[in-house]
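All chains are identified by letter, namely A, B, C, D, E and F, in their written order; residue positions are counted from 1 within each chain.
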Amino acid sequence: MLTASPRPSPITPTVDFAAKGVQHGHLRLPYSRDDSAWGSVMIPICVIANGEGPTALLTGANHGDEYEGPAALFELARSLRPEQVQGRIILVPALNYPAFRAGTRTSPIDRGNLNRSFPGRPDGTVTEKIADFVTRHLVPLADLVLDFHSGGKTLDFLPYAAAHELADKAQEARCFAAVAAFSAPYSMRMLEIDAVGMLDTTVEDMGKVFVTTELGGAGTASATSIGIARRGATNLLRHAGILAGEPETAATRWLDMPSSDCFAFAADDGLIAFAVDLGAKLRKGDLVARVYPIGRTGQAPAEYRAAMDGVLAARHVPGLIKAGDCLSVLAVVTEA
Amino acid sequence: MLTASPRPSPITPTVDFAAKGVQHGHLRLPYSRDDSAWGSVMIPICVIANGEGPTALLTGANHGDEYEGPAALFELARSLRPEQVQGRIILVPALNYPAFRAGTRTSPIDRGNLNRSFPGRPDGTVTEKIADFVTRHLVPLADLVLDFHSGGKTLDFLPYAAAHELADKAQEARCFAAVAAFSAPYSMRMLEIDAVGMLDTTVEDMGKVFVTTELGGAGTASATSIGIARRGATNLLRHAGILAGEPETAATRWLDMPSSDCFAFAADDGLIAFAVDLGAKLRKGDLVARVYPIGRTGQAPAEYRAAMDGVLAARHVPGLIKAGDCLSVLAVVTEA
Amino acid sequence: MLTASPRPSPITPTVDFAAKGVQHGHLRLPYSRDDSAWGSVMIPICVIANGEGPTALLTGANHGDEYEGPAALFELARSLRPEQVQGRIILVPALNYPAFRAGTRTSPIDRGNLNRSFPGRPDGTVTEKIADFVTRHLVPLADLVLDFHSGGKTLDFLPYAAAHELADKAQEARCFAAVAAFSAPYSMRMLEIDAVGMLDTTVEDMGKVFVTTELGGAGTASATSIGIARRGATNLLRHAGILAGEPETAATRWLDMPSSDCFAFAADDGLIAFAVDLGAKLRKGDLVARVYPIGRTGQAPAEYRAAMDGVLAARHVPGLIKAGDCLSVLAVVTEA
Amino acid sequence: MLTASPRPSPITPTVDFAAKGVQHGHLRLPYSRDDSAWGSVMIPICVIANGEGPTALLTGANHGDEYEGPAALFELARSLRPEQVQGRIILVPALNYPAFRAGTRTSPIDRGNLNRSFPGRPDGTVTEKIADFVTRHLVPLADLVLDFHSGGKTLDFLPYAAAHELADKAQEARCFAAVAAFSAPYSMRMLEIDAVGMLDTTVEDMGKVFVTTELGGAGTASATSIGIARRGATNLLRHAGILAGEPETAATRWLDMPSSDCFAFAADDGLIAFAVDLGAKLRKGDLVARVYPIGRTGQAPAEYRAAMDGVLAARHVPGLIKAGDCLSVLAVVTEA
Amino acid sequence: MLTASPRPSPITPTVDFAAKGVQHGHLRLPYSRDDSAWGSVMIPICVIANGEGPTALLTGANHGDEYEGPAALFELARSLRPEQVQGRIILVPALNYPAFRAGTRTSPIDRGNLNRSFPGRPDGTVTEKIADFVTRHLVPLADLVLDFHSGGKTLDFLPYAAAHELADKAQEARCFAAVAAFSAPYSMRMLEIDAVGMLDTTVEDMGKVFVTTELGGAGTASATSIGIARRGATNLLRHAGILAGEPETAATRWLDMPSSDCFAFAADDGLIAFAVDLGAKLRKGDLVARVYPIGRTGQAPAEYRAAMDGVLAARHVPGLIKAGDCLSVLAVVTEA
Amino acid sequence: MLTASPRPSPITPTVDFAAKGVQHGHLRLPYSRDDSAWGSVMIPICVIANGEGPTALLTGANHGDEYEGPAALFELARSLRPEQVQGRIILVPALNYPAFRAGTRTSPIDRGNLNRSFPGRPDGTVTEKIADFVTRHLVPLADLVLDFHSGGKTLDFLPYAAAHELADKAQEARCFAAVAAFSAPYSMRMLEIDAVGMLDTTVEDMGKVFVTTELGGAGTASATSIGIARRGATNLLRHAGILAGEPETAATRWLDMPSSDCFAFAADDGLIAFAVDLGAKLRKGDLVARVYPIGRTGQAPAEYRAAMDGVLAARHVPGLIKAGDCLSVLAVVTEA
């Protein structure tokens, strides 16, 4: 198996990655099903190329319920003109397109979590086929990959761009330079404990510059968070020399998640009442939230307190919380 | 039929509304179904009574995905002591309890929208039976009713308390005095065009003081919005003389929705990208949001512009919007 | 409206109720739906008539997950010969046929609980149309109606036949004579508090003899409980003179449910562990069951104790119980 | 792959298996999904340790709709005191916790049948992750494993404990000694034809003592069957020397299933009417059940007759049976 | 209630029925639901008016899975120019728009069959609100109504236009003149036995000219059947003088359904194998179709034979048929 | 793994493939699930054997919504007498039986597309277990395999039989001779680009004669298409010498699909209006269909035109089409 040449991807792009100019097309992925024997998933893609220069791959909706990436990338796709570009920009505003259409984190077709499905399989599920095409046909074209995330329908984050600590320190430096160029209100230095299945690892393992983000959440996007996404993407393309001009930088606060004490999980079901909002500074032992049993009045809520000093960087969104849900994430501010 | 005495409510309360002290119990509503032939819906209720004085009825989760009310009322129920009370407080933190458990606006049992089901029917759906019990057994006990709302999972609002213009101007004045006592950041004067089926109308028609709210949304509650709800409820109980002390008032801005131009509805499906956030001041013609078609890149988004001067008082939450969804609500600030 | 003649039933029987001999046919109820624009519900019916004599209507699966009635009546329908009959027997082994096919208490079409839908409506739901046909076209043909019930999937009962206390004492006496002839291991004297919507009331209001049963439950039938049903039906037909011979009587214990203390409802969700089984004799205060919270080990279970002296006449079946479910029913033995 | 060290389990226990005393905690299994991006499955676990001695692992709800095990183990977990223990007891009352909460045989998350998923995979489905943790982290701690089963919602069994014929006759003898100590009304000697994927095989292959049971079914538990489970578990812990005292033994009847003639499967859909109940003694050719076609009256039922002499050891529960369903199991009594 | 003026329709049209020229807009029907608290159903409508003349109302997708009407009307709406019109044309290509979007006969919102919901209710279900608006706001504007039907996903028809026998013979004559002008391959004279709830009756009771059709089915439309629909609509508009020119008439065969013998219903479930196709001439007793039991091979199929002489005018579509489904419709050719 | 002997199939046939005469039985496939712990899938099978001669395997409903094969094979199974046979005929009228019962292309159990699941796995999904049994236990018995297909619910085809171009030209010639003997109105020479997972390839790789068909579609079968299927199957059995006599041949038109230009896919969602019907001759550039946006009237439809000269050999069925669906297939007529 290992030495056999892999099966070709079943995906057919309707754009020519080698052509110049602006192309709006689809990645067509055959998907036979009860309501369409010879149907396909049609993932929108835009390629803008001009002159010589590096290639940037910008992706949104890796998780289908995260909206800053799609909002920034659909806008870039319709407004960028080839003459503004030196090199090539590949935009896939809604990478897990079935999930994006459904407004869900995972694919309604196979419940696949795209960002746990890399490097993918050409003969796997629909989600794995998308991952495989990205791994074998899109990432190799790119020098730089920006993958937009936010908290989706069930989490909300302080807005940050991020890169990972890498074994190759030169690559790591290029990644953090790109994060700095993105210039979100917060920037994160991440040490993933389990990076299996992520696009992040796939791109980094090929030696590319990789930037990811968390820019809000709650299953929506605000004018503010969309602005951060648009400005960040443009900044990154300027930083890479694909767009002309300098990044519009602004102050960013650097964050770190030093240990598993950052994460708090609910131990019981109930109604969650936060005592503090995102960005609040907490001391170890401060009250973060109460969780009320909902079947009766008069019962004492469970209290969740900070396990360390930090700022509230992420929180659970739905008003009801279930045992095992991530309740909050604290982060340490490492630089002003 | 019209002259026949109505059927009794099938709901059995496990609390005694005439008793003093604190009682935590349920409204038991028989509900026969496939997974429980002789099952019931158990709606939590708390009654706190002491001495002589008026009765306040405070309700949350009239719509099941609105959380400020439940968060404030479960806390009041567990923390108020009878000796603090002069009169009686009836707390129903999750009025449409099946919807609240499911985290949905309407009841998963019958898809009933409780606040369009009043005055209800004793032999109707589960939702109509709840409405009927409230109408015939809870509201008549009360001098003052506070019904908490916010935007739910699909809308987000500036935080305000509100009352309606009423034919009985003395009653109207008592209602607006209560709104002022609640002391939310914003206060609203409402002229409902179609008030059929609402708890509001049911209460007002009995000559009671009625206050409602919109305190946020997006299917969650923040520390800030829960604080507004708790403070408002306490203020109202002080205003009524049931709790001792004066309301902790703060500045409020009075809003008005003078015409149907306040409301904008999406004409097409797509990805919504707001250009402004809640509270923004807009002039007629200003861009409110763009809606991008999602099937392809490169297409022009539909642009939605303000139809009048005003502040953005409410907005659609989910990242995708469907034709016919309310996109935004503008309001006019009538007082500083 | 009130004086207008009602709409005719949409149901067409394929049997001739006036004919002699054995007929196996259907009640055809037109039901237009997405998967059959001009479809119908086909309720099996059998009519066996011979000579002169009274008419008995025997019905099963009024609730679709109760099986002693169908098992007895499908067997009677295939084995009875006209020459055994003096009069007429109408057998409808699966009255709420859509529910019976689905194995559910209520109809999968409209979630209708047939035994709460009487007298029915010719222009209502499918379930209401069945009720209407029974009320207007079957019951009027009958002198005697036997409607089989048991506990369904969620309750289990001691096996008993029952009749109601009636205002017309002569009719009541005829009903209890029929119960005695049925000769189940237990017999029940019932005083319904809310009999609205039941076939029982519909039949009794027409002055007919009416017998009902509870013969077990748990969504199944045993050889023993099917034997009780078959013997009881045959006994009743002998008692009525439609079949020749005397009822095969056996000892029966008479039960009574004197007050609402008979019924216990769960106040919390959990795993139910009964301390006693059906038929056990209990003294007030005896332990009936424990309900364990299931989210954690080490928590104290809620204990449910007998509120009166009695035998355990019915119990909740599923291993998990939900707040509001009927946990147990006690009955008083009135005669040995 | 084969030589690579396997991926670590994603499950984090919140108990310390090396600590003394009583601990109530969870196995936290991260499970990202649409309604909780960073959610987890929380499987309750209890560890009771004291002094030196062997370790027993007791598990319930391997299939989620089997209740004697959970009822016995939640009770043991809350009532056992460390000072009663010499060694260690690990209690997992609801091993396939998602299935247990749903009241279903298989997991609602992935439809996984846990007892066909062993030895499991750390990167597989949620069910496979549970199996993997049990295989690699719980069984190795144990000297003795007792896994409770009964018939679930669709089968009902005579109550028995069982062990398998094993190649290692010394191990087999230890297992049957444990079965005898359990002392259920019936005891079974099993020769599994296809034991692939079962916890049984996984435990036995590690050389441990393994006991399983079938203790009833129909999706419930009775006071009687819970009593058998509690007494059996206590007996086994005494037999192992972990609890003090001798097992309370009682007479047991030994059963055997010598051939595939033991099993009967329905060939057609219909209403099942058993002619005999569990425990009945049958001669080859005796009637076991009739299956009636339900679409019409008057049709001959299919008759199912005993293919050998034996007692009725298990039967189908739901009133309707489908072609291919197991209708009955006969067993041979080998000892009085 | 009876004398009270009815509630106003909640539907807001975005077109002005009194304006000249072409307008493309919507009927906006507020529909609050879990995924859009303030959502609406948006039914496309087109009004084309010019000069003086009669008004024609043309509707499609009264049942959501019938496509000739929508195909003809979307085309008319985009291609007709006002200067071609003398009078007014109101086009609603997809009247039960929620059903049309879902590709189902009935509405996915409330399972409403629109053509059994007339005259509708302003405070009823979504489907009833559509019916009410048509009854009170669209039909009164019209002189002529053409409502397109075909067999939907589960039936297939010979293509015909039809009108009803009416008490007002002058009106009836106008209706049949319109049917003749439509000039479908077949034309039908219908005597509805139960016309309750139909648009047909609603329109006819107002004294208008009403034409309906059945033009094929199987959940699709062919080039041929769309051609019949387009030509028929144009012919009708010419016949009414709204479009210039004479109808393009062609030969039509007149059909009649004289008795209930026309309709055959399946008595059993199975695989249907027709022996003849649509349009075939049959003599009483000729084989129409066989229905094979599918659970086993070797069983005799049920045979369905013609109950009268006639042509096969309609048939069941899906390969599997259920007991109670309409299997076939025969019609008598009354004129060459 | 590769050298290990594979696990045995879990399927048990109730027929003896070595016996003479007619046998009607099942392939019993154990399938444990929530509603039947020890349930099975029961696939009907018929074996007819007599004397010496070749074996033909005839299969229908490989896709569950294709009906000509089942209609022909259920009829053959009940009507063929052993004395007509010289050799052996194995009939499996509904190969993917769960899909066939559900009326869906894929299995409702695992959504498996059987014809993409070959050669299957004995320890895989239910669909893969069926494929494995066919591969290892049915095909090896056969000299000739005929697998019936048509367009299912979402496609409609001109009726043709087909074989593939094969590397072994002698085998290929035998296959095309069999296609000619089948004698459908059209015959197709196929060059599969991706034949992975198909029964076709599995059979051909074993050197057998393989014939497949497309005989219509739209989720139904007509008298005409069933006639083609029956006549074709009989012709093939005569051609193989298993039935006596000569095939009843008729003129057939040979088709070819020379390039991917044959296939057209929809780029947008909408209402499809074909301009031509199946069998129409088209020149490159001719209009095939229009797709209308359905959210508004007045918008230009997308036009789909022929990319080459050819006949319309297949088309999309449902009235609505989705982006990515196969809209049409053109074929070239290579012989008169």
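Throughout what follows, contacts are C-beta pairs under 8 Å (C-beta built on N, C-alpha and C of every residue); 3 or more make two chains touch, one makes a residue touch a chain.
Listed by chain with UniProt protein names: A, B, C, D, E, F = N-alpha-acetyl-L-2,4-diaminobutyrate deacetylase.
Here the structure is a predicted model, which is why all the values come from computation and not from measurement.
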Given subunit B and subunit F, the chains that contact each of them: A, E
Partner chains shared by subunit C and subunit E (touch criterion as defined above): B, D
Which of C-D and A-F has more C-beta pairs touching across its chains: C-D
Selected pair, out of B-F, B-C or A-B, that shares over half of its residue contact pairs with C-E: B-C
Computed distance of Cα centres, subunit D from subunit A, in Å: 43
Rounded Å distance, subunit C centre to subunit F centre (Cα mean): 49
Where subunit E touches two or more other chains, by residue: 26, 42, 65, 153, 267, 295, 318, 323
Touch-based graph of the chains, sorted into line, ring, star, complete or other: other
Pairs of chains, among all present, that meet the touch criterion: A-B, A-C, A-D, A-F, B-C, B-E, B-F, C-D, C-E, D-E, D-F, E-F
Contact footprint of subunit D on subunit C as seen in their complex: 22, 24, 26, 42, 44-46, 65-67, 70-71, 73-75, 77-78, 91, 93-94, 100-101, 103, 153, 156, 218-224, 226, 271, 273-277, 280, 290, 292, 294-301, 317-320
Subunit A contact footprint on subunit C (complex, rising order): 268-269, 295-296, 323
Touch list for subunit A against partner subunit D, complex: 63, 65, 104-106, 111, 113, 116, 151-155, 194, 196, 263, 265, 267, 318, 322-326
Subunit A - residues contacting subunit F, complex: 7, 10, 26, 28, 31-42, 123
